[in-house]
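The structures come next, written out as structure tokens.
The same chain A turns up in both complexes below, where it pairs with chain B and then with chain C.
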Partner chain A sequence: MATLSTEVPDASAKPSGQLRVLTTLLAAAAALILAKAFGVLPEWLNRIPEWAIPPTAQVLDVIFDFVQNDLGLIYVTRFIAEGPLEFLLDTSANLLEGKRRWPFLGPIPWSAIAAVAAVVGYAVGGWRLAALGAGTFIWTALIGQWKIAMQTMSVIVVAAPLAFLLGLTLGVAAWKYGWFERMLKPVLSVLQTLPFFTYLLPAVIFFKVGPTAGAVATITFAIPPMILMTTLGLKKVSPEVIEAGQMSGCTRWQMLRHVYLPAARTEILVGVNQVIMLCLAMVVLTAFIGMPGLGAKLLAMMGSFKLGRSFEIGVTIVLLAVTLDRMSKAWVVKQPVHFDRGTPWWKRHQMPLIALALFAGFTLLAQLFPILAEIGRKQHLSQGKEIDVVIKSVLALDAIKGTTEWLRWFLNVKVLIPFRNTLLAIPTPAFILLVVAFAYWVGGRKPGIYAAVFFTIVAFSGWWDRSVITLYTVISAVALATLIGIPLGVIAARSEHWSKSILLACDTAQTFPSFIYLIPAIMLFGVNDVAVVFSILIFAAVPLIRYTIIGLSTVPPEMTEAADMSGSTRRQKLMSVQFPLALPTMAVGFNQAIMFAFFMVIIAAFIGTQDLGQELQRTLAGTELGKNFVLGMNVSLMALTFDMAISSWTQKRKRALGLD
Partner chain B sequence: MPAGTPVISAKNVWKLFGPSPERYLKSMPAGHSFDDIRADGYIAGVKDASIQVDRGEMLVIMGLSGSGKSTLVRCFSRLHDITGGTIEVDGQDIKSLSERDLIELRRNKMGMVFQSFGLLPHRTVLDNVAFPLEMRGQDRHDRRERALDVIKLVGLEGREEYFPRELSGGQQQRVGIARSLAIEPDIWFLDEPFSALDPLIRREMQDEFLRLQEMLGKTIVFITHDFDEALRLADRIAIMRNGMVEQCDTPDQIVMNPATEYVAKFTEEIDKARVVHARGLATPVNGHALEGAPIDGGSTIHELARVLVNDTRILLPVANDKGVVTGVLDRDVALNMLLGTD
Partner chain C sequence: MKLSHLLSTATLAAVAGTFAIAEDSSDPIVIPIHNWSSQIVMSSVVGLIFEEMGNNVEFVTTDSQAVYESVRLGDVALEMEVWEGAFGASYRAALEKGGLHDAGDHDAVTREDWWYPMWTKDACPGLPDWEALNDCAHLFATAETGDKGRYLDGPVDWLKHGKERAEALDLNFTVINAGSAAALWAEIGAAEADKKPVLVFNWTPNFAEAVWPGEFVEFPVWEDGCDKDPAKGPNPDALYDCGNPASGYLKKAAWDGMKDKWPTAYCVLTNISFTNPQIAEMAKLVDTDELEPEEAAEEWLDANRAVVDPWMSACST
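For the complex of A and B:
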């Protein structure tokens, strides 16, 4: 932010009061740091002493224990887990992967599913989506990953509809009752920044290990955007449509059912798209609590450094993600088409009928030709070993090996380690003051106060050093991502053609489950800090590039034309017209990059980090719910601090520029 | 219902927008102006308006945007709850209606057409038109029959299965009109129904609307910001400004005797001869000896131009549509109006 803001001198110079606060904060921080450097800082000002740290985790454990056992919440949750939820999961598991449970029909032949996917693809988006749908499932079957892919899918087909229904209901309630929305809002923003490990452990404890816990964690993870989109859509219904409904004599229920919900269709379907994508992302991650499926396989393969198989699984996950995303997005923009009067029934319902016929046809064919039902162990076309050899020999090429090794050395020794040590050397109060100064400078008073409160809580959580390491990873990765992403975005925004294709690539990349980003990082850099930073870097660069392009290309043309006619060079135009106007949008991308980084840094615990994520991952093995919660809150609070500061800046800036 | 009772009768209606409007209205000193109220943090949507709509009459409410005309009409149908005063529809105070009775009233007596149509995007033309019928629980077959009838009435035959986005603006508004007529309402509200249409289509829709009204004879409250449209359609015009009704009268009277300066400004540019009818300019017979064929009182002075120029009589008898002489027109006065030299 610092570099960005200096480029645009604020038209309204900061009032002197603000400047005074800033100087005070920075001076206090500097004094503390200097005191430490000269060795005169008392130890209790450097780090919060052990005895001063409240036993939050233990207290939480007692509370959780009380709620869980004494209040009997566990019986309720276990009932849900073993009752309806398990029933649904068993049914889908039987149909998709052939688990021996009611209704004992499955597994459905892969060819039948691929055929239905093709018809659905055609119905929502024409031949290309039909090819994508069929292609994805054929690939999955041929490569020999059908069973694990279906294990993953069987959770998604249960979790996504449930998350949709819950999100819709809560969204309607939030729209209807102001107090409920006010209550829900802070919970949602915490939920959206909470690391996924924090979703997993409670799910395991309350809903027993296995698919049910995975499904619960997935549902919880996917609900917030559905709630937000539902509320947004309902609020946007045009007043005349509402009045037309009222004048038609709708009762309240009729209004909701026939007027509001259908009129908010677009936003609700966007919510559905997000629910599906988040479900996929989360289901893959539930591998960490031992859920079988694509995620678990990928985890195992990466753990044993089998790059070929990891790559193949990665492709499957990406294909699934792209297919689900494209199809649900095509559904969003799909408008109903009318049939002329007198069109026969079968023609009106052509698509479902074809799908049904193909489904039945392939199911029957599969009885005759077993290869259409299931592709056996020896029949699949996986080239895992060969790809492994290729990848490893390419990586061993002198040029590549030289580059990656130099990069690894350079980043590690010259950048990352010194930076980390510096951050760790700063006394806790000074660190908090610096963060507060940043939040205050960027966002104003309210974010500044929140920063102070949030970071003080983190300081007293007892995990300060690990929090600082988490923050260090995030900052380094986002800084590097900014250095790479923004120039890339600027260059891409120069031509319409490039903007379009890079935006498309970014949109596609954003649908990948975050887990995928670990694959290239591990391939290139092995298992170490640089790989962690690299995986976060590529993950965080995506929104940066995306919003830079969007920001630059949505600058109103009359302004760039005015700059052209004033005789500005391309550089002048960029610096004095396009950047200032695009900055609020770019800040949204920057904010997202930070949020993504906080998310990814926890996943990277898998590679072996020393931050909060590592501790979080350890809690998964046991039942330390309190500790898990404290660690998760630390991540969430740090992320929220940045989120608030940058969002507040964006809003103020947009208002100042009249872009709202 | 005794004859002569107004269909809608609004007395001293107030509609204030703000934090606690009812308390504010009670404590507000009399004679507070629109700007005084705004200074207190409230917006006077409707300010002490009294107006009556008679059975079978077309009342046009005219005013610039923000004058409160849409707000007033929404008070008539209780889309807005009023802050003060009373509104009676068919002699019933609508403020006292329960939610259920209000829904019944709208389901059976009121229809409304909106400026930007307010069509439900996910429903076909047929389903949009049948929507109010569906809401009141009519069975599928009945409502289909009725909807098809109204669709035919507004000239959209053959488009029943189209979706709103597949229609032009004019066609969409026909759907809006059809929907509002589906329940055969007694009272028909039209909120700037033709403002979103381009001028040629607007003209065509006005003609169409006059045709429908001739056929159906509803009680109509029509909102517009277009004075020409008001003059063309209205039996009576109410001109609003800052939430107040400045004048409510026949087009002839508004053009000839504007009550306030504001109304006068509107009428300045108008060619009065095209608006004023012979009966409006006529004076009582009062024993004048009249001779010759009478002229039609329902024609405008402009339509009578040729007669006025060619005739040699000083005083012309004016007859109503039944041929009975009701008044006398001074040819000189009429010619002055025709030539714009009055």
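For the complex of A and C:
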């Protein structure tokens, strides 16, 4: 049994050998920087010369071309896209939005869907969820977005189950076969850090522009947590359960179906929840490759500067996300109900029956009262123009303008631009050494070696300066997010009530389509680095706040009580008891903040940046698959470096504290 | 609901009957739509025309740069707005790879250049002449640019050469690239409240003309070769020392296979040609009158039968 203590034995954690390595790394970096400052550094040590950079993009282009045309992979993927996948998408599109395809039944009236949502909500979580479910769909209909919302949903109802099934299968395979898991792990890590621009292009080429490519990109994005959670859940099944299964003579299939999967139910359902949330997160981004619906409309609205309507679409997406999130979470908590033998079947299937009855009832009623089937432009309640006016006048308030003007000047001139120039002035090898030193200091030997390998690859990709600028934006945004997020989390953690409302705000900020932040950011700060950092900051602060709250509130009560009894002040308790114990959890939040920042920094290319995102955006024109991939890998490798270092620190720390 | 559907199918059939040839494939003609109103409405109008002729039509939302790859592969049949300036590069790249071709120009011409909203002129009355810019540079200065003026150029992938021009004409301006059209509008929108002078990249035809009246800066007139021959334009040593062509093309592009698969529709497509006022009207129906694009298309088509019918009848032999 591990003992709980905030005293981490320092001697064993930092042996003198480690110190020597660190000093060597830092000294070498300092020597290079000084050499440059005195002008004695040869140019090839400052930046990798052009001739030394391998033609990776061109080689990749040839490979892609070979795989696509000579190997004929495109025929396989096109067959899948135009055959089964398109069939599923067409069917759901017919039912939900009335696209003229088999089975020619739809569109289902909005009132019927809202009624079913209410029943499902009631079944999993009582009246509150019933109201949320019905309310979401009623809002969508009343605001005049029913059709586009259903276009979005018609893809999600196909993509999410497919992601679930594929993820479950791969997860089971990874649990069963060690070699498969070892192979899959790096692929998943890369997938989770690869900028979305990088898989949009292959999705278009291999799976046809439109809902098919949108579905494929969505599945790719949503599948990693499903796989990981499945494997995790299956590994945790307790030996007693397994023995019981074996004793009752289960076959291997029965073991999986009736023993392992039900026992891993909770983890698998958490995976389902993640799949749903990630699918919704992709709604806007996939609009670039033909996903119809809310995302496409949002981009069109932003293109014609209609803030109000964009905002309303954002609200719809948040409501859909929150509804599905809460319902799926309630389903995780809800245990299966068991009935006595002899209960009549209508009693056992009460909820589905009510849902069916309401569905049929509203469908019939909609034939009589068309307003229950569809709400037209004349009836809907969109307040786009009014919201426009409100947003614009708030942004134009003198107090706000004055503050942002000052912030823009201060951050740009005093902080961001000097910081960027400093980073860009560091010679490439020195920069790599510094990153390695950081990874080694935080995570240990293995992350240090990976950092060296990854950043060397980045240096030889030919996009060094842009990679540094990307990193600079990420560091600046995460640093500011830490300054804001951690104090906010600490204050919120003091009371149950505050934590709840701040966590809700976090959920909203996270599911609100990130594109919508870009416009106010520009209106407040103009097209420059401050706007970019600000829009990333909103996103990056969310995990920091969340994990600070979680970390502080899960500190074992006996520890805080001990602190109270020894008469420590609130400040002492926080600094020497709560923080040390919460730090590993907070580090997870910090890690996520960095990952989110790497994700958002690419989107910020739409504001106007000079980093990898800008080049990635340029490759969207569709001819440079190789370059697109190289740029994407650079982002992924940098993100992975930090991910590995911080995760490794978290694990070690947790073990040292006896929390694991 | 069901009845009206039947009726409309019946009228469609009747209309289709008047056009003798019905050899077009019954596969849907897939038309791409992008994220600006005139293109969406125009594409919807063309979709309605095709439907009247008895074709099936479907729309797909795509990125306006990535769309050329899809036209090339035949995933979408055509593209209604190929702007010389903004999409010329992607279009030509796809043209070289093969699979799509030029389906004729619109009557409309496009212009893309440095632009300012009208209130800017109050502060700098020498505009629109470009030589007034240096005297007014301080009006366009921001925190980051010091005493230099700031010009917000279009996204880098539009290849507008704003930086080169500022250098060639010795303008005291820092050129910053916006990341998207939305970023340009946000910049103008933010300046609108206290009528701050701004200089941004803009183009016509465009909804912004209706929202913020403004003018293009009149640079030295474009001469052919201004981008290749330093001798052209006022600065003998520099490229890009001219304004952009004041009348760039607006093209339609078609998939090579369209001609054979939907010959009648293809014939109509080559006849179609919209003018600047027509395009502005389509944009206005959505951007100012707040119609949904599909409704705007119907309204526009009803009001402009005289324009559209000849395009169709020319193809019904």
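Everything below uses one rule, namely that the second predicted complex is superposed on the first by the 610 of 660 C-alpha atoms of A that agree within 3 Å, B and C clash if a C-alpha of one lies under 4 Å from a C-alpha of the other, contacts with A are read in each partner's own complex, and residues count from 1 in each chain.
Definition applied: contacts are C-beta pairs under 8 Å (C-beta built on N, C-alpha and C of every residue); 3 or more make two chains touch, one makes a residue touch a chain.
Predicted model, so just to flag it, every value in this text is computed and none were measured.
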{"item": "Superposition on chain A - do chain B and chain C clash or fit", "value": "fit"}
{"item": "Chain A-centred angle between chain C and chain B, computed on Cα centres after superposition, in steps of 10 °", "value": "150"}
{"item": "Chain B versus chain C as contact partner of A:Gly526, first or second or both or neither", "value": "second"}
{"item": "Partner chain(s) touched by A:Thr251 [first = chain B, second = chain C, both, neither]", "value": "first"}
{"item": "Partner chain(s) touched by A:Val204 [first = chain B, second = chain C, both, neither]", "value": "second"}
{"item": "Touching partner for A:Ser238 - first (chain B), second (chain C), both, neither", "value": "first"}
{"item": "Touching partner for A:Met302 - first (chain B), second (chain C), both, neither", "value": "second"}
{"item": "Chain C versus chain B, contacts on chain A by residue", "value": "C"}
{"item": "First (chain B), second (chain C), both or neither touched by A:Ala263", "value": "first"}
{"item": "Contacts of A:Gly135 with chain B and chain C, given as first, second, both or neither", "value": "neither"}
{"item": "Which of chain B and chain C A:Ala373 touches, first, second, both or neither", "value": "second"}
{"item": "Chain C versus chain B - closest C-alpha approach in the superposed model, Å", "value": "45"}
{"item": "Shared contact residues on chain A - chain B and chain C", "value": "none"}
{"item": "Of all residues in chain C, those that touch chain A in their complex", "value": "1, 30, 32-37, 40, 56, 59-63, 65-70, 73, 75-76, 89-90, 93-94, 97, 142-144, 152, 155-157, 176-183, 185-187, 189-190, 192-194, 207-208, 211, 286-287, 290-292, 295"}
{"item": "Chain A - residues contacting chain C, complex", "value": "100, 200-201, 204-205, 208-211, 287-292, 296, 299-300, 302-306, 367, 370, 373-374, 377, 384-385, 392-393, 395-396, 401, 405, 408-409, 412-413, 417, 518-519, 522-524, 526-528, 604-610, 614, 617-618, 620-623"}
{"item": "Chain A contact footprint on chain B (complex, rising order)", "value": "74, 77, 79, 103-104, 106-108, 110-112, 114-124, 131-132, 134-136, 160-163, 165-166, 176, 179-180, 183, 189"}
{"item": "Interface residues, chain A side, partner chain B - complex", "value": "238, 240-241, 243-251, 254, 258-259, 262-263, 265, 335-341"}
